[in-house]
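Structures for review follow.
Each of the next two complexes has subunit A plus one more chain, namely subunit B in the first and subunit C in the second.
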Partner chain A sequence: MSSKVTRFRLAVVAVAASVAVLAGCSSSSPSAKTSATSCAPAKGKVTLQYWNTVPGMDKVVALWNKKNPNIQVETKNISNDQYGILSNALKAGKAPDLSQVGYDELPNLRTQSAFVDASACSAATAAKSKFVPWTWSQTSFGNTGVFALPQDTGPMALYVRSDIFKKYNIAIPTTWDEYAAAAAKLHKADPKLDITFFDPNNAEWFNGLLWQNNAQMYSYSGNKWQVTVASDQSRQVADYWQKLIAGKLVRTDLANGSTQMYAAYQKDQIASYVGAAWGYSMFRDNLPKQAGKWTIVPMPTWGSDGASGDWGGSTVAFMKGSKHLYESVKFNTWLNTDTEALALENQLGGLYPAANAGLQLPALSKGVPYYNNEKIFDVFAASSKKINTSFAWGPTQKTVNLALQDAMAKAAAGSGTLSDALAKAQATALKSMKDQAIPAAAGK
Partner chain B sequence: MSKQTVNRESQVSRTAAMALMLLLAIYFLLPIYFLIVAATKPQGDLAATNGLTFSHFNLFENLRVLFTRSDGIFGKWIVNTVIYAVFGAVVGTLISALCGYALAKFQFRGREFLFSVILGGVLVPTTALALPLFLLFSATGIVNTYFAVFLPSIVSPFGVYLARIFANAAVPQELLESARLDGAGEFRTFFSVAFKLMTPSLVTIFLFQFVAIWNNFFLPMVMLQKESLFPITLGLYEWNGQTARAPLLQESVITGSLVSIVPVIILFILLQRFWRTGLAAGSLK
Partner chain C sequence: MTDIATRATRRVASPGGRRRLNGGGPRAGTIFAFVIPFFLPFVLFYLVPVGYALWQSVRVVRRTGGQYGTSYTTFGGFEQYTKVFQNDEFWSSVGRIGLFGIVQVPVMLFVALVIALLLDTPLLRLKSVFRITAFMPYAVPGVIAAIMWSYLYSPQLSPVVDLLNGIGLHPDFLGPGAVLWSAANISTWLWTGYNMLIMFSALQSIPQELYEAAKLDGASNWTIAWQIKVPIIAPSIILTTVFSIIGTLQLYAEPAVLRQISSNISSTFTPNMLAYAVASGNNYQQAAAISVVIAVITFVLSFGFMRLTSKRAGL
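On to the complex of A and B.
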């Protein structure tokens, strides 16, 4: 049955791609009126289009619409094939005013001129201080404009089965060295028990780990991209996990969020999870019988600075072609900094906010019953403030991620190493940018 | 003659045939069995327990959650699906009957050509038509309304084809002539005489149309953006895309899938006699 679904999805994707072609043909000139760089309020009533992937976002927008009769917002859910739909709309010149875009897709869409710079609106530039630092540096591309406002984040932390660690009398690790030692001890105590799993098909997760070690994968200087995907910091992380994989101390057969993954946790075969803030509900809802057995602690650290990493999260971008920049900024700012809106997004959509005000939401300041009534969000809030702000994504991130995953899967299967995978990713980054005529060089 | 055939068949080949059919039946019913089992489980048991065995029975709670989620939007989707499927199939059947009857009972220039064109329409998958239709509807401004899904649903080349065959077979020319002699107009002749004779076969066309619209997914996906207009298929698809952010949606998608196939199963059981007639007629004539 599932293969049928997959095939059907493929068909849908294929046809959707041809929509793009059709739509592209039919619209005479995609966007003659691009640079709406002025920030003048419109006269009379305005209707904005806002595309997103968040469950319950229509409720949040309904709240705004009730309060703002002159700026009405219409939502469309694009959870399935988010970027396909968005890129088709862009080609057809029918992009919405605002759209959900993941941090790692921002550079790609910016090189396609998908965004409009909202810095003409003082309200947009003034929002800077309201967000967790690293998120603003990514949406502003290092303060070169305001192309999106941060919405949610995935600050990383370590989920620990405290009962298992206690059973084998192992202290909960605070550094990666201790983590590796604990992995060996656990595996020795019970050969069927592993400390965690390494998901070779999840480049996003692995990127979060590299980020944590202050790896700089891309930077922009001298009018070109400097590509340093396979830097020393990255290699340190890769070699670390390579050792765990080679020693068979971590599983490599599980995909994040899969039924198999939950089954393995259910059977007490895995003792910890290197995850992000949004993962707390996955365990709570899928493994209710393990209530009280989990605790959440800061990520094991590499150095003394206690840096953390981020996995996932997204922004609400100002899309090219919007005729109502002033109103878009107004709505977008409310959506992502107003505590009432943030509370609703957290409650209905499970968003972990990028706004400083959001980190103090009542719902995020309480103990969580599943986690022994611990204030787990304090851990994530602390994590989100320790995330390197100069980390940047590349303009061909998706292609690079695919190449990285491909090579990581091979490494997990025993051919090549994770370090080789990084080299492959570096080469792919340079080649894919060259193919798109984006100036790039191997950086130092 | 049939008796002889049965006798000549060896016990072995009959057993083999039965075994094969049993296997196929299991193959086809297994996903439905899985669906039933999964729909009775709480979310926490989905991954944690064997997919084919029952665990904690939670069906009623799942149903309650399903029907109250997002202010009961699922109920709205059911109503929409019923509207699209029932009205679409009724109107579609009527149009098919009229067309098929005209093609079968009237002599006019280009009749066979017209029929061939309609037959050609059977070969064009509806998925391929969705996009041109979208552009067309987009220009006329009826995208994102009930009509955007309803209008394409009432067209069925296969229905016309079946209706022509049925009209040929079930409506004797003599009867029509006598109706005309008695002074009935063409529409009266159709509705009071031909239509009644064709009724059993029209039920078949209705069924075909109903199921096609009920399961239609791509057309509404292309046409609709307002959640309140969605049919069940599209609504469940949207929920399924959000399970990464809201894990509990998964159980609602599964329970919703089960709920969505129940009306079709009931309709089939009630009308299976007609369905078989239709398939046989379509294959032989």
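On to the complex of A and C.
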């Protein structure tokens, strides 16, 4: 009896405590915080928070801090769970002034009201001409504001083991048709040799391929998102790779960047790599014995327009709640357009710049010893200019990517096709947008 | 014997104790001081998160205005739960984990039991060496174990696969059919020693006289093991089964690590992986509902199993 009473009392305390905490958590009604942001400089010293995942970024920031005693920047590396940390900080109202956000996550974070429009600052709007066109189109959400500044990109190209192609007397392919033909020839010449691998768990890479073929996955009209993930252009890419997979002309058991992948390249089992600019150091650092055997050429093309794709890259976004927009714009512009900063980011973090000025960096104009002293960055710079500027990401991109990957993995294991995977991604896009109460319809 | 003793003490002690507790007085503060170090973390890190998950699971996201809009949450009743029940991926992950548990748990516990019985026989020398060896995998953190095994499974790197290839076998440990059992193998490797130790300590507490009596009655070592030892340690076996059921339903680390090298493990392979994937897609309410459903299933299965077996085991 007595212990029951005590237990009851304790339970009451517990419930009361949890209710109190829960009440603190609940912020259910839409907050009408649409305060017009101004761009007034602060009086006195300001400290900005900048979160990122770039190795060596603290050194770049130290350089800024030395030059700007009144705008001090503190960095935090959030590479172990970038978007989880960011989402939680937003919910807690503790987001930093600036944060690294991938291009494909911009719309998602905007649906979480993560950003502040920096167009009140003339320095922000004036930055437009300083960046490669497609990057600005994505950070400005089609010129409707300035929500982030582009930082780095991953223009795609084809990495080729020229020695293997030479050995079997096969010309380096320039179109996807030639690439498929070369795949068959290589595999025939040596059954243990494949032209490349298809990583089903890499939707980001596959999206780059879709982008190259001018696929439009999302648009907005009639007060609704129009979802066209499984468009004809996308299906063309899917069917192409499906054929290579079905013909066992590409490996499907390797994950990009895995030890297993490097082992397969090390054993001369794979002859090329459809990759991005930031990948040049992967081969240089992991396969030092293959120095001189690699060359980098433009990505095989679909049509005559020679369009290229992008895989990866990031922006530095203006986060909601920042009290120092003027200073944030100032630092962000320096960080992503100043040649000294860009050179350091390239050297320490391997970033391939989104700024036009960055493409002419001395380090990116020289021949690279590992690649036979070829000026490989000229190939990426050219690729960068041929990337479709109207491509847009969806507001639930991460969920769609996961569904696409799961279905592509099934296709790679022999059940269903990559085209089915696109259909699954389309359905997931619609469903996940509905879950987030984002108005969406299947577009034509 | 001990039972009678405690009952007697209780009878003697209870009147005074009762009076003091009811009267409050100086002892209430003392009790509070003793209880608070447990109770405060228990509330903060157990009750509050559970309550928060329950609360989240009955919320839904709504949005006002425009292409991106502003989101807010509102009461949605059982909407999230309806979605869980309609989610094919959820049920196939539960089915997958069910199959995993039905095979892996009995195999693991049987192996653990056999090792425990072997360690308990008087015939064995170097007992503590064997005991520690069997227990050692448990000292390896789950994620590290999974990474280690993923190297042994990987066709590019594994000496095991190389060896098998050498004798004409070409196993694909990471293939669509095999990968679940590759994960089960890691769990078994990790947890057998732990379960063995629980059973072994139960065996240690059996009084030796029982064995002597059995031997006088002509029982062999085999009979003693299966007719005397196993029934006596049945409560420990049930306990390890319940732990294993809970562990199985919460399976995450092993498949999540293998997923890095095998595309045959989807993002929704186990219920916990599904909940994580949904949460990382910013759908916290749905993830909360999934977590609550997993918790309820775990609760029903473990308590159901205890209920079912407690009568037989005489618990």
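By our rule, the second predicted complex is superposed on the first by the 408 of 444 C-alpha atoms of A that agree within 3 Å, B and C clash if a C-alpha of one lies under 4 Å from a C-alpha of the other, contacts with A are read in each partner's own complex, and residues count from 1 in each chain.
FYI, a residue touches a chain if its C-beta (ideal position, glycine included) is under 8 Å from a C-beta of that chain, and two chains touch if they have at least 3 such contacts.
Keep in mind that this is a model prediction, so the values were computed, not measured.
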item	value
First (subunit B), second (subunit C), both or neither touched by A:38	neither
Touched partner set for A:263, first subunit B, second subunit C, both or neither	both
Partner chain(s) touched by A:169 [first = subunit B, second = subunit C, both, neither]	neither
Which superposed partner A:304 touches (first subunit B, second subunit C, both, neither)	neither
Subunit B versus subunit C as contact partner of A:286, first or second or both or neither	first
Contacts on subunit A seen with subunit B and repeated with subunit C across the two complexes	1, 15, 18-19, 22, 26, 259-260, 263
Residues on subunit B engaged by subunit A in the complex (per definition of touch)	31, 34, 42-44, 46-48, 70, 127-128, 130-132, 134-135, 218, 221-222, 225, 227, 237-242, 244-249
Contact set on subunit C toward subunit A in their complex	17-18, 21-22, 31, 35, 39, 42-43, 47-48, 51-52, 55, 59-64, 67-74, 83, 154-157, 174-176, 259-264, 266-268, 277-278, 280-283, 286
Subunit A to subunit C touching residues, read off their complex	1-3, 5-6, 10, 13-15, 17-19, 21-22, 25-26, 28-31, 83-84, 87, 107-108, 110-113, 199-201, 220, 225, 252-255, 258-260, 263-264, 395-396, 398-399, 402, 405-406, 408-410, 412-415, 432, 435-438
For the subunit A and subunit B complex, residues of the former touching the latter	1, 11-12, 15, 18-19, 22-23, 26, 53-56, 58-59, 76-77, 79-80, 257, 259-263, 266, 278, 281-282, 285-289, 348-351
